[in-house]
Amino acid sequence: MQQLPALVVLLAVLLQFGTMFAVGRARGKYGIHAPATSGHPAFERAYRVQMNTLEAVLLFLPTLWLAARYGFAGWAGVAGLAWIVGRTWYALAYLRDAARRGGGYVLGMLAWAAVLVMAVIGLARALLLA
Amino acid sequence: MQQLPALVVLLAVLLQFGTMFAVGRARGKYGIHAPATSGHPAFERAYRVQMNTLEAVLLFLPTLWLAARYGFAGWAGVAGLAWIVGRTWYALAYLRDAARRGGGYVLGMLAWAAVLVMAVIGLARALLLA
Amino acid sequence: MQQLPALVVLLAVLLQFGTMFAVGRARGKYGIHAPATSGHPAFERAYRVQMNTLEAVLLFLPTLWLAARYGFAGWAGVAGLAWIVGRTWYALAYLRDAARRGGGYVLGMLAWAAVLVMAVIGLARALLLA
């Protein structure tokens, strides 16, 4: 259970790579040459998925680190797996249709909120006992 | 003092969340539907604030980690609090008017530079003593 | 050799700062006022370099952390230096001409893939021995 957050980090890296790959493929398929980031709705969705995933990763990983460091490695790892499921669902749904991204988004945010609560409790405990 | 960098990480996470929230609210208020990222100046400012905050966080957190790991946890934590103040000021000012973002930006950069100096000194010391 | 990943983190921070600096300079040179992120091809290239560097850093640093934590600090550090070379080459080439960004990109991806393999092996070993 102590290694679970590290597994979540690995999966978050692979999720990011997947969303980058989707953008590269859409660049080729729709003939959008860098540095352009617009020109076809499907490319624009792939690009938004990549950027939203990046934003979510940068919000999530520091929170995961805090929770894991301050006594919640196991539970934060479990919530982290739920976050991976939510963000993967979000990415796959959004690539097809922007209107379908809600479910995965909500699951990802709930999982992040759970880890945030652990981080706050763990850090508050450490500050009060210091 | 040893937990101060962790508190700064938590505040950086909350700052990011705040800038995401401002983008979501501006999407609703000005009727900008994803995947669009333009269409109204106030939305575009909110989006730039989110992206600039993201860039600043990804520059700052690894620097903070280096300084804290190599013997400057307390001072890096203090500079980190100044960075949080600067970046929050930047975000709030820029949301109203792009021309007012200078003060917070400068404070954030000075705080980052201070932590960078600590990181360089700490790492150089570790490399030379190894 | 144990401090090599930390040196790579420091260089990744400086690389990010360099790409931010190039965007700021291009804003001034071509008169692109925030929050705009388009208006001149050279500015747009600088902006894409910054964003692509940011994406690459957020993909690379967690992978580097995993590999360093799970027994490959030295080798991951060496691959990290190759990644820094590749990403710096990419940034300098892309700033001049988008068509020339291939070489640095490939070197960066190969170095990342090497660190990813180390991370997967190290983490799998830790999970199996737990």
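The letters A, B and C name the chains in turn, as written, and every chain counts its residues from 1.
One rule holds in what follows: a residue touches a chain if its C-beta (ideal position, glycine included) is under 8 Å from a C-beta of that chain, and two chains touch if they have at least 3 such contacts.
Here the structure is a predicted model, which is why all the values come from computation and not from measurement.
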>> How big is the rotation, 0 to 180°, that puts the C-alpha atoms of chain A on those of chain B, in steps of 5?
In response: 120
>> For chain A versus chain C, which are copies of one sequence, does the interface use mostly the same residue numbers on each side, meaning over half shared, or is it different?
In response: different
> Approximately how many whole Å separate the CA-defined centres of chain A and chain C?
Replying inline: 19
>> I need the residues of chain B touching at least two other chains; which ones are they?
In response: 54, 58
> Quick one: in the complex, what on chain A touches chain B?
Replying inline: 41, 44-45, 47-48, 54-55, 58-59, 62-63, 65-66, 69-70, 98, 101, 116, 119-120, 123, 126-127, 130
> What part of chain A is in contact with chain C in the complex they form?
Replying inline: 2-3, 6-7, 9-10, 12-13, 16-17, 20, 33-35, 37, 50, 54, 57-58, 61
